[in-house]
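Below, each structure is written out as structure tokens.
What follows is chain A paired twice: with chain B in the first complex and chain C in the second.
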Partner chain A sequence: MTNLWMDIKHADVITVMGGNAAEAHPCGFKWVVEAKAHNNAKLIVVDPRFTRTASVADLYCPIRQGTDIAFLSGVAKYLIDNDKLQHRYVAVYSNAGYVVREGYDFSEGLFAGYDADKRDYDKTTWDYEIGPDGYAVVDETMQHPRCVMQLLKKHIAIYTPEMVERICGSPKETFLKVCELMATTSSPERTMASLYALGWTHHSKGSQNIRSMCIVQTLLGNIGMLGGGMQALRGHSNIQGLTDLGLMSNLIPGYLNLPVEKEPDYASYIAKRQFKPLRPGQTSYWQNYNKFFVSFQKMMWGEHATKDNDWAYDYLPKLDVPTYDVLRGFELAKQGKMTGYIIQGFNPLMTFPNRAKMTEAFSKMKFIVVMDPLKTETARFWENHGEYNDVDPTQIQTEVFELPTTLFVEEEGSLSNSSRWLQWHWQAQEAPGECRSDIEIMSGIFLRMKEAYKKDGGAFPDAIVNLKWDYAMAESPTPTELARELNGYTVAPTPDLNGTIIPAGKQVDGFAQLKDDGTTACACWIYSGCYTEKGNTMARRDNTDPGDRGIAPNWAFAWPANRRVLYNRASCDPEGRPWSEKKKLIEWNGKQWIGFDVPDYGVTVAPDKGVGPFILNQEGVARLWTRGLMRDGPFPTHYEPFESPMANIPFPKIKGAPAARIFKDDLADLGDAKDFPYAATSYRLTEHFHGWTKHARINAILQPEAFVEISEELAKEKGITKGGWVRVWSKRGSLKAKAVVTKRIKPLICDGKPVHVVGIPQHWGFMGLTKKGWHPNSLTPVVGDANTETPEFKAWLVNIEPTTPPSDAVA
Partner chain B sequence: MNVQVSRRGLLKGAGAGLAGGSLGALGFGGLQPAMAAAVRPFKLAQMRETRNTCPYCSVACGVILYSLGDRSKNARSSVMHIEGDPDHPVNRGTLCPKGSALLDFVHAETRTKYPLHRAPGTSEFKRVSWDFALARIATLLKEDRDKNFLAKNEELTVNRWTTTGFLGASATTNETAWLTYKTVRSMGALVFDNQARV
Partner chain C sequence: MADYSSLDIRQRSASTETPPEIRRQVEVAKLIDVSKCIGCKACQSACEEWNDLRDDIGINRGVYDNPHDLTPKSWTLMRFTEYENPETQNLEWLIRKDGCMHCTEPGCLKACPSPGAIVQYSNGIVDFIEENCIGCGYCVKGCPFNIPRISQTDHKAYKCTLCSDRVAVGQAPACAKACPTGSIMFGTKQAMIEQAETRVEDLKSRGFQHAGLYDPAGVGGTHVMYVLHHADQPSLYAGLPNDPKISPLVAFWKGGAKVFGLAAMGFAAVAGFFHYVTAGPNEVVPEEEEEAVEYDEAKRRETGRETGGGEARPH
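And now, the complex of A and B:
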């Protein structure tokens, strides 16, 4: 989230698109209800299903899954055509006037530089024209034919209300009502909050779905504003934290990148990450990258990371492909190229696409280790559970460990929520049986390996045996010790910003004190401030809220720097006055920035210096056009899902998203609309949390049995009765479930033809207390978003027919 | 909410009030004190309160855990009740159908309790010791790493290991995640991911 949960109460318009917050985030959604009740806010819901969120909406608009970009590009076109922009915001705080270099082009659905064999772009031309002064050329009038505003107009010209209706199945009149309501927030006094979740990310162009709304919100001047922003509601309790801490193939904590193999030394690595300002006087905060990187290396390898050895640069593995994400990991396993997998609190057999492929991949590995507080399907992929897991254990030669771990009530530590709050929690009971914490288990494995490398040697032991490990109890580091490392400390005396010397061994106050000379160590720069010399700021419990802003600045700790609303400098005009007194967050008092939140800006930088409000960006402004930063194009473009009931109307030659990665066998595993005519989507129910709550008795009683949701029209067409058993199948697999025939799903009319939606909730498996059932991932295709490799769980194709019950079921 | 009030103290007060005042209000005023004493005191008043956050979604609602046992050396504590934390600025004491049922999650029958091992080709898990499990896993990892670690790709130093994968858990704490990160990365492992994609 750019803002925070309570902040939603200030919104005038709330759009829930790509999510179903009333169902999946009920207690957060109460702030939407609060806005409706006390701020006269209007709620817009755009969704293929009439969801729980839609049931309390002021305006519901249906949409075919996988067509959000066409819809939102249509909104952007409406705003520009009808002059519904926050003009000064767009002119001064966005790159609308930036001139793009010659050679950049877009035609027939492809940007300049496409290589069909590689399914990738040469992005050289996706950049600004650089002037003789070394800075980007800007035309403040926004009239230059190659400036971003003119290119945007041209790019979205095709998305007329009529085209939106043809592609999305959204009735033109309803679509226009959505546009009109959103457009009211172009006034500086009014804001719109965009709430989204996996309904946008689970697509082969998920990142660009989000980009489309970023464009709309920038045109409306809603970023950085109270009651505005882009609110990623996120999923698991610490998915934000795991992402912040870089538990991915290509990241270092705090959104730094792991080097690629063509960066053989530190100099070549850091040269590409200097991030010099693209306009005079801009902050471009990533210029400090070297300080964060060196401090990270010092926390990893302590005295073994020195200037002379490039801060132990060689200790880091170097990538040969963009990512070794989980889709690639299990593709390699299926090809027999993986030996084993260590799995912490994760149930990949159920949660990744194409169950048959996952079972094959697991069966080809020598070993898997599952660390989990629950008995999961993954740990039992080899066990026969009738037709729900029809495998022959004698044919599976995988060695499997299931290690019992503690739950939240049995440990202390912090979790980062979607508001970027790090909240500390405390232990309340002893763990049952022989459960151990993940910290103790990982330490136990690591220390045994380290001993073996010390004793017997082996492949490159240096990075293992030299890993800094100065915990009081080596086999059981405490959460407090680890939190202090996340915050960072001085390892040698070093001057702070005022020149005062901080002695060695002191917790730093924040990332501004981090150095590139080896005098500081910090595990994750954006978390700096979470455990200072003053103590554990994550454990703070003061809920006072000055000005009733919904900020509560002394509750827990928010990254970065305890800032609650990102880009809050943009809540003021260029002169430093709030756009709206009612929505005041910060302001310039003639000497410094003051207000309810920590300014996202230099505290004493005067407005007349012309420093842009988006201080992380090299431009200092928000990007309507993203240069070469997105793999699949600087503007979002409508592409159909890889499995779609219809062809791409504006770009009929293009199937799927051109730069999304798909492996050869998975491409061959795609079905078409002739055999699989119905548009399937997967989703969650309020009574369940993924596969966890089927182990909790009350939840298992509340939603005991798997089902499939279809319209009355489709039920009639296929002879399916309410509560009857159906078989649903795709090119990759088949499942059985009971049919829920509902008015909540209606056929969409796309390009004059009906498209039937089949909804499949995802909470059942063969373990736990509910009835056994199938997960929609028995059916889903293995294809990932071009930028994030997030699987396309929200839009694929199936067929459906009435069937007989599974052998163990009562009809 | 500036004033730091001990919720536990408040509840104890309320419990005492229930035993005395409301019994009186119900017309038991004239009965013997022994009768009043026989009424069971409010159970939550005896419990230890611990602040925590709901482990499910990323709204991260505040919860209060009520447990028996005062965490002294020989007392094994157990959570008996969970409710929303009214001081929490987001959920203000409310919980959803998932959070309201957390107690059943904590005490689920299908929780793992002991390390289990399944030998290749067999049809069941067997209970093993932690020492056996950790030593065997470390051996399996080292064997694979020593066999498949790539130090150089032609003349480039790459120091990578891509034949064993690691998945982090997005319900673990930041502190767990950091320890996992540092150990996994020190091995040169690249096949590393978490639930952010799903």
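And now, the complex of A and C:
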């Protein structure tokens, strides 16, 4: 989230699109209800299904899944055509006037530099024109034909309300009502909050879905504003923590990058990460990258990371591919190239796409280790459960180690929520049986590995035998010890910002004190401030909220630097006065920035210095056009899902998103609309949390059995009865479920033809207390978003028919 | 049974003694704002947790309602109705939390023949005192909202207690505590009526011209009230009675018939004794039982009630 949960109560318009907040985030949704009840907010829901969120919406607009970019580009076009922009914000705080270099082009659905064989772009031309002064050229009048605003207008010109209706199936009148309501927030007095989740990310162009709304919100001047922002609602209680701590194959903590093969030494790695400002005087905060990186290396390898050995740069793996994400991982396992897997707190057999491929991959592995508090399907992938898991155990040789872990209530530690809060929690009860914490298990594995390397040597044992491991109990580091490392500390005396020397061995106050000379160590720079010399700030529980801004600065700790609303400098005009007194977050008092939140800006940097509010960006402004930072294009473009009921109307030759990744076998495993005419989508229900709560009796009572949802029209066409059994199948697999026949799903009229939606909730499996069932991953295609490799769980094709119950089911 | 004593009791079933009602407590009420409800079932979950109830794990019947109906182990549940509003052409998903309404004039209490099996406290809560319950099912017949359920295990009647045990110690009912959106509120009845007025005003400003408070006069008002978008058509909400009243049969049984009945009972007892001695025990013929059920069904249709989940009720 750019803002925070409580902030939503200040919104005037709330758009839930690409998510179903009432259903998947019922507790956080209270702030939407609050905004409606006490801020007279209007709630817009755009979704293929009339969801529980829609049930309390002021305006519901249907949309075909996988067409959000067309819809939102249509909104952006409406705003520009009808002059509903926050003009000064767009002019000063966005790159609308930046001139793009010659050679950049978009035609026939492709940007300049496309290589069809590699399914990738040469992004050289995706950049600004650089002037003789070394800075990007800007035309403040926004009239230059190659300036971003003009390119944007041209790029989205095709998305007329009529085109939106043809592609999305959203009725033109309803679409225009959505546009009108959103447009009211172009006034500085009004803001819109955009709430989204996996309904946007689970697509082959998921990142660009989000980009589309970023453009809309920037045009409306809603970023950095109270009650505005891009509110990414995280799906797990600590999934924010997962990304913050870099649990991705290509990241290290704090959104730093793991080196790639082309960066054989530290000099070549850091040269690409200088992040010099693209405009005079801009902050470009990532210029401090080396300080964060060196401090990370010092935390990892302590005295073994020195200036002379490039801070142990050689100890880091160098990626030979962009990412070893889960889709690639299981592709390699299927090919017999990845032979072991440690599974910590997730259930890949019932999560990742194409379950048949998952089963095949697991069956080829030598071993898997499953660390989980629950009996997961993954740990039993080899066990025959009739129709639900029809495998032959005699043909599977994979060795499975099940290690029971503690649950979050059985341990202390911190969880990072969508608001970027690190909230400390305390142990509530002892764990049963032989459970151990994940920390203890991983420590045990590491220490034994280290011994083995010490004893037997190996190709390159240094990174493992030299890892700093100075915890009081090596077998069981405490969460407090780890938290102190996340915050960072001095390893040698070092001056702070005022020149005062901080002695060695002190917790730093924040990331501003981190150094690139080896005098500081820090595991995750953005978490710096969470455990200072003053103590554990994550454990703070003061909900005092001056000004009723929803800020509560002394509740827990928010990264970065306890800042609650990112880009909050943009809540003021260029002179430093709040755009709206009602929406005030910070202001310039003539000497410094003061207010309710920690300024996202130099505290004493005067407004007349012309420093932009988006201090992380080299431009200092928000990007309507993203240069070469996205693999699949600097503007979002509508592409159909890889399995789609219809052709791409604007660019009929293009199937799927051109830069999204798909492996050869998976491409052959795609079905088409002739055999699979219905548009499927998957989602969560409020009664369950993923696959966990099917193990809990009460949740099992509240939603006991798997079902699919279809319209009354499709049910009639297929002879399907309410509560009857249906079979749903794709090119990759088949499942059975009960049919919920509902008015809440209606056929969408796209390009004059009806598209039927089949909705498949995702909570059932062959373990647990609920009735046994299937997960939609039996059907989903293996294709990943170009930037994140997130699978396309939200839009694919199926067929459906009435069927008989599974052999052991209750009729 | 709650932490109340006889001092708190306003009415007691089948009892000739006048309850003392020495402690005059302020009337409480639960306000369920249907327009804020997202149907998350946290209230159902909290009810099962607090009251330590665990219903059976059922099946899906093509709807979101689970369990499908109130049971002796499910004292509240969300009932989901898909409604296409003919005026606006909009689809509305009306989600109502069903459960005991805690009537000011409780039909169950009036109908109950067992002394002290049903009581009403001076704060308005209607409670079943299971140890006094004889499992006759008259409360089921007496209830205009189709709420009480008879357990097959112990043959006692069960329903929502409005968490009388929590309320007695100053806590809100578990469902209100758990509700994430503030759709379920709890307080004095007066405060809840005032709260409802602000909600109705808001709903009217959003185009729901007939928004209003459901606090039906036919049962003397209730201590569970709803804010409805369509207060002119309560039956849209999974058969919420438009104008609930205590069944005339119960009124008759408790009214003039009672005096006459008591005399008749004396006579019947004597006559019965002689009949038993001369003719042996009497048995109910199955046809008679069916007729009784049919009569009951017809009666229910007449009063505009439906059983939302379509589940046949326990006798």
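By our rule, the second predicted complex is superposed on the first by the 811 of 811 C-alpha atoms of A that agree within 3 Å, B and C clash if a C-alpha of one lies under 4 Å from a C-alpha of the other, contacts with A are read in each partner's own complex, and residues count from 1 in each chain.
Quick note on the criterion: a residue touches a chain if its C-beta (ideal position, glycine included) is under 8 Å from a C-beta of that chain, and two chains touch if they have at least 3 such contacts.
Everything quoted here is computed from the prediction, not taken from an experiment.
Once the two complexes are overlaid on the shared chain, A:Ile441 sits against chain B while remaining clear of chain C. Contacts of A:Ser414 after superposition on the shared chain: chain B is touched, whereas chain C is not. In the superposition on chain A, A:Pro404 makes contact with chain B only, while chain C stays out of contact range.
With both structures placed on the common chain, the touch criterion links A:Pro264 to chain B but leaves chain C unconnected. When the shared chain is aligned, no partner comes close enough to touch A:Asp608: not chain B, not chain C.
By the document's definition of touching, neither partner reaches A:Asp675: not chain B, not chain C. Which of chain B and chain C touches more residues of chain A: that partner is B. By the touch criterion stated above, A:Ile698 is placed in contact with chain B and with chain C alike. Judged by the touch definition given at the top, the superposed model places A:Lys30 against both chain B and chain C. Look at A:Leu316: by the touch rule set out above, it reaches chain B but stays clear of chain C. Once the two complexes are overlaid on chain A, the chain A residues touched by chain B in the first and by chain C in the second are 26-27, 30, 686-687, 697-699, 702, 769. Considering their complex, residues 22-23, 26-27, 29-30, 33-34, 36-37, 40, 50, 52-56, 58, 60, 686-687, 697-707, 721-724, 738-744, 769-771, 810 of chain A touch chain C.
The part of chain C that touches chain A in the complex is made up of residues 35-42, 44-45, 48-49, 54-64, 66-67, 74, 82, 84, 90-93, 95, 180-183, 199, 202, 205-206. Within the complex formed with chain A, the chain B residues making contact are 1-2, 48, 50-62, 65, 67, 69, 76-79, 84, 87-91, 94-102, 104-106, 108-123, 125, 130, 133-142, 144-146, 148-149, 151, 153, 156-183, 185-198.
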